[in-house]
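Heads up, the next two complexes both have subunit A, just with different partners, subunit B and then subunit C.
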Partner chain A sequence: MTDKYAQLVHHGVGRNVAKKLGLPQPAALRRYQPGQPLITGPVLVQGNSADADNLAAELLSWDLDVRRHAVPREKLGAIILALDEVASPGDLEKPILTAAASLRDLAPGGRVVTVSRPASEADSPAAAAARQGIDGFLRSLAKELRGGATGNGIVLRQGVQATSASSLAALRFFLSGRSAFVDGQFITVSSASGEPARDVDQPLAGKIAVVTGAARGIGAAIARTLHRDGATLILVDVPAAGDQLAAVANEVRGTALQLDISRDDAGQRIIGHAAQRHGRLDIMVHNAGITRDKLLANMDHSKWSSVIGINITAQLRINEALLASEHFRESPRIVSVASTSGIAGNRGQTNYAASKAGVMGMVRASAPLLAAHGGSINAVAPGFIETEMTARIPFAVREIGRRLNSLQQGGRPTDVAETIAFLASDAAAGINGEVLRVCGQNMVGA
Partner chain B sequence: MSIDGQSTAGPEEAGSPTAGTPGLRKAVIVGGNRIPFARAGSAYAKSSNLDMLTAALDGLIARFGLQDERIGEVAAGAVLKHSRDFNLTREAVLGSALSAETPAYDLQQACATGLETVVGLANKIKLGQIDSAVAGGVDSASDAPVVVSEGLREVILDLSRAKTLPQRLQILGRLRPKDLAPLAPGTAEPRTGLSMGEHQALTTAQWKISREAQDELAYNSHRNLAAAYQAGFFDDLITPYRGLARDGNLRADTSLEKLATLKPVFGKNLGADATMTAGNSTPLTDGASTVLLASESWADAHDLPKLAAVVDAEAAAVDFVHGKDGLLMAPVFAVPRLLARQGLTLADIDYFEIHEAFAATVLSTLAAWEDEEFGRTRLGLDGALGSVDRSRLNVNGSSLAAGHPFAATGGRIVASLAKQLHAKGRTDGRPARGLVSVCAAGGQGVVAILESL
Partner chain C sequence: MTDKYAQLVHHGVGRNVAKKLGLPQPAALRRYQPGQPLITGPVLVQGNSADADNLAAELLSWDLDVRRHAVPREKLGAIILALDEVASPGDLEKPILTAAASLRDLAPGGRVVTVSRPASEADSPAAAAARQGIDGFLRSLAKELRGGATGNGIVLRQGVQATSASSLAALRFFLSGRSAFVDGQFITVSSASGEPARDVDQPLAGKIAVVTGAARGIGAAIARTLHRDGATLILVDVPAAGDQLAAVANEVRGTALQLDISRDDAGQRIIGHAAQRHGRLDIMVHNAGITRDKLLANMDHSKWSSVIGINITAQLRINEALLASEHFRESPRIVSVASTSGIAGNRGQTNYAASKAGVMGMVRASAPLLAAHGGSINAVAPGFIETEMTARIPFAVREIGRRLNSLQQGGRPTDVAETIAFLASDAAAGINGEVLRVCGQNMVGA
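Up next is the complex of A and B:
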């Protein structure tokens, strides 16, 4: 599962050869460790809007070193670009080119974060053009950044302030090492709801969370990350994976629930377990999924139906049970694992991509149902992640999968887990019905 | 776990008339965990008793979230046991996710070991000595101890005491080639030299148990176990181990026809009357099981389920050495004594779990209970003890299908029965009762009654 190439091109001969040949030299990403500083240097807040001022004041209260104007040759941890007041495409140039002058000072692992408003049909054509323009700008900038730096954006719906709980939570997420493999992406904050975390190192303290498919890979990483963030865990996997599940459960001091999630009563079993042991359930992470790859011409009933059944139908059925349960009522959160295959498509994965795109559709349509209880539902779409599963992909295909993104490397299971933990936190309650990619800005798809 | 919890054995915990001795609090079964049982020499061939018991324990800890918990006491044992495993259970606790401050002891009562750990620990809970306990058992027929001959052993010990070279040479001179052959463990009874199977063959013939009846019992065992797996019954009773997710001995596709083709392996001196085959006898098996026991207050304080209470238990032994009774017939005597003490009859039992050492053991037991003469003369009753409703017998399969790692069988039965009783009690809206019967080497047997909560 280790990326030997990435290790090779960082030292001695390997580094020189890679440099001379112009081969990709993937950077070591800055990943979150509890207790580490949020960002590695001063934060430049660029822009003249009221939101820019408010954000700068807020970041100061986080004990960050904040700059409203660039200091020449000072290394920057991040550049925040407030573009929320652009009214026509001509308005983009000044703030963007001012920020551009500081790009060379961005430290390795640095961050660029735009703050903007969504383009909508209600806008004047010029305003919509300016707002939509930010999309293309940011995604291109993210592809230019090097040294493990990333560029992402926060899109604030009408009426949502840049200092709303979820806007700040998104900003903290993008600035931190938690978003190491999230690149070229936008998070839309649709409402002002959300409670700032009392302890930013334990944002899930006191929460009861279920993780399906928790015996290994991304699921086990999600369990470890949610545990680190303070959640109490119920770990679900098929009975046949029970030994690995038990090992993870004992590691994170949770309980193991051996359960085939495609059973009709899976939702009831999960609620029953949570109710018995903890009296309630706060967070449901749908991670369990399978692949049964085959070209469509060779697809059969069992390969199609098992993938659809486990990857999407089971989630729908479990969510239905959860939403009907009195034990899932206090700011309930659901986070589903989708896939970039469901966005861009993937040869040989018609069944899998249908199921994962289905997850995204489900998430959007379920958002109002969760919002009714002060809750939220979102999806995370991983790109190429280094797991046992991707380690079995043939070498050449695997190398292409790894390198074809802005960060020139595969993500780690923890990268997916960090994003899920963020979306599961109460601070992120204003983010609802969204799909967030964790793909290092994979070249395929949107 | 609070100190208060230990001393609040109030009258509210005394329970119903059959739920134990009045004045004592209840000992409840929270649940269990075992690893799938494997035929000897297969999936667990390289696993030690310590490995398997630790795995079963860790699965239990994971199921119920007992990490770092200081359990009142853990008791387990093995029948085939290495001398290095003198503290087997404590070592398993130390290797597990439990608190290292959890005390443990080993117990050994042949095949009744597992059930006896349940009984002993339940009694401690009832007395208020402990609030929580894990009972268990493990056996490996694959990793069995192989010992040196008595002659070689004496030479080695004498050598260690010798002081001079001539003494050592003189001691070595006593060695004979035959002393160098290792001794593998057998299941032969020390006082009769007969294996368990040969003993049962005598009993089988005595009670005229037919080959067809034995094969039918074996068939039902496989069928019931397979159906239980199919229904997901074992989802919260078993944790896979070493690539095995189901009992390796289970033959879901077996048939009466297939069983009928097997040749007799025991009682061959009976000629055409030999009825006991590899199909209707349990194979040598590796495996481990655990059961979580608690006081009601401990289970409540930990938000854990309460499946059933351990009501009462009885041990018995028979004089098989002089042929008065069959080696495995002790439960025949223990059950009537237990039922009488509890004021119950066979008709009051919703589920029977009679360990299938051999199909013929179960059938001989049932035959003895149905026999008027035996009831009067041997059990001291007015007539026959009664009949066991076959639809209530070993409903989720038993040892013929699952296999029988000697000391692990008791835990397997108790956890499964407690779950079955709990479901039955919920359905019927009244407590459901179950009877466990386990026969053991040395002419012993332990039986117990559980009642759903």
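Up next is the complex of A and C:
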């Protein structure tokens, strides 16, 4: 799973050859390690709104160097662009071109983060145009950044302040190495729910979390990341993966639950296991999923129904059982793993894409049910992630899948896991019913 | 503007070489010509809902051969898949796998069209999952179809029947050669507004239409298409393009209005011209737009403000003037040209993408204002369209832009024009606030 291509194009002769051929030379991404600073270098906060002032003050309290005006030739860790007060497209120019002048000073692994309001809530066509314009702007800018730098945006619904718990949680996530492979994306904060993290290095301390499909790959990475962030884990996988599951469970000091999640009583078994051992469940991570690729013309019942059954029907049934239980009531959190295939479709994956689009539909429709208990349900949509599964893809196809994104490389299972940990945290409770792509802004035909 | 690549890979030695190298061999698309049949070959209507029955009856009244059950080895013009009653993901299998068995019989240039309900209006997470699942399914299937066949969907909001005027208009559009370059897309019908076309070959008969940027390229194609469909035209372009504008105006027997649309009084000038000559205006097509590409780090005031000013601010100002006028009140229609760059962003186009995203924000926010007068406002988002502008792109970049979509070729200006003519027609009045991509389902990093 090491990226031999990256090693090749960055060293010795390979580096010169790659440059001459115009091959992509992906940058090493800045990924989170416990204890490391949130970001290196000052953060420039642009914009004249009250939110800009408040954010600058907040960032100072995080022990960051904050600039309200650029210092020539000073390397910047991040640029935050408060665009929450734009009322017409003409209002975009001043803050954006002011920020543009500092772009050359953005350090490798740097961050650009916009803060804005939803176009759908604008009170005039001009305001809607300005707000939606930020979307096109930011997604373009993300494609221009180099050196592993990323651009993402926070969208605050009416009544939500830039300094609300979930807005700050999103900002911290985007600034940190936790969001290394999230690029060109927006997170909408829909409510002021959520409590600031007491310990930003252990945001899941005291939480009881279930992860399905935890025996290997992305599921095992999720287990390790939630454990690192303080959660107590219950790991679920099929009996056939029992040994691997036990090994991961031992590693993260959790318990293993061998279970076929497509069983009718899977939800009851999960909540029963959690209630018996811990008295409750706080976080449910639906990671288990399968692929059975086939062109639709050759698709059969078994391939179609197994993918739909495991990837979406099982999640629906489990959620129903959890939501009916008194043991899943204190700010309950659900995070599902979707896929960019569910957004854009994928050749040979009508079944898989239907199931993953289904996950996204389920998440949006279930949001009010979770909000009723102060909780949330969200999905992450991974793009090309380097796993044992993708390692078996033929070289040329794999190379294309890997490079066809703004970061010119595949992501790692930890990138998905970090995003899930963020969405499951108390501070992020105001983010509900969202789908967040973890894909390096990859190219998909939608 | 002829596609030399397509000629090369389809004939003689080139064909064999292309096959061996695995180069894409794009199919010739079935494009609309007046008088041609809507579609060749029987239409298979799958699904057991009342809507399926009603649609089948309606298609019979269009003089089409209609099948409710597949006849083995009979070539099909289209497959319509009524999925409007799915209540959980398990409900998808039967209709989808039944349709799958007929896929090999779909003729070149064939069509698959789904009919469904919005996930956002579902009454349970399971229903939302099933409905959203159709999105992932259809987008995947569109990537599997070959021979210039396309797959698209019609989404009917609550209270809108499958046989409503705009639903049938959308179905006719998708089945016809007018939608040749529209692939993997959904059209939402939001209301039962709209009147069935009296003459399907002259759907714009008697309408007064303005097209901006009409002197060349896509604008001139829009003028020709609206003229062919029966509209009386007022063509707008800058004074510097006066001669070309006059030539197009002569060709379509319209009038020319030399005007810089970024002038404060552009809207008044346009409505004044229309009112003076025709007593009213029915259709406004905002096509005029410019690009001034530059990486944001090198962007200056002139490049930013000219693109924002012409591409979005001018449209906002003109719409305001039109909506204030008593001469734009009878089912008034606005169609704006956006861009896939506005959806996904594009390197070097922060200004352009902001302006085109702005157009989409404007369209959604303005929908209620137009609906108040029985009208609509929508946008089309072209992908790679073969024009004089794209002909100047360097060969390799152009080839990538052209091929990176499900139809493996660039579209033509007429493809954009046909979509605009459809959205401007009386029958389509129930489609409002939508953005329809005309891009062959192209790959964009969103």
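The rule is short, and it goes like this: the second predicted complex is superposed on the first by the 442 of 446 C-alpha atoms of A that agree within 3 Å, B and C clash if a C-alpha of one lies under 4 Å from a C-alpha of the other, contacts with A are read in each partner's own complex, and residues count from 1 in each chain.
What we mean here is this: contacts are C-beta pairs under 8 Å (C-beta built on N, C-alpha and C of every residue); 3 or more make two chains touch, one makes a residue touch a chain.
As the structure is a prediction and not an experimental result, all values here were calculated from the model.
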Subunit B versus subunit C as contact partner of A:Thr313, first or second or both or neither: second
Contacts of A:Ser366 with subunit B and subunit C, given as first, second, both or neither: second
First, second, both or neither for A:Pro196, with subunit B first and subunit C second: neither
Partner chain in contact with A:Gly133 - subunit B first, subunit C second, else both or neither: second
Which superposed partner A:Gly401 touches (first subunit B, second subunit C, both, neither): neither
Partner chain in contact with A:Gln276 - subunit B first, subunit C second, else both or neither: first
Which superposed partner A:Ala353 touches (first subunit B, second subunit C, both, neither): second
Touched partner set for A:Pro108, first subunit B, second subunit C, both or neither: neither
Partner with the higher number of touched subunit A residues, subunit C or subunit B: C
Residues of subunit A that lie at the interface with subunit B and also at the interface with subunit C: none
Touch list for subunit B against partner subunit A, complex: 55, 58-59, 61-65, 67-68, 97, 232, 234-236, 238-241, 245, 303-305
Footprint of subunit B on subunit A - complex, ascending: 239-243, 245-247, 249-250, 253-260, 263, 276-279
Residue ranges of subunit C touching subunit A (in the complex, touch as defined): 88-90, 92-93, 96-97, 100, 103-104, 119-120, 122, 124-144, 184, 295-297, 299-301, 304-305, 308-309, 312-313, 316, 319, 341-362, 364-366, 369, 404-406, 441-446
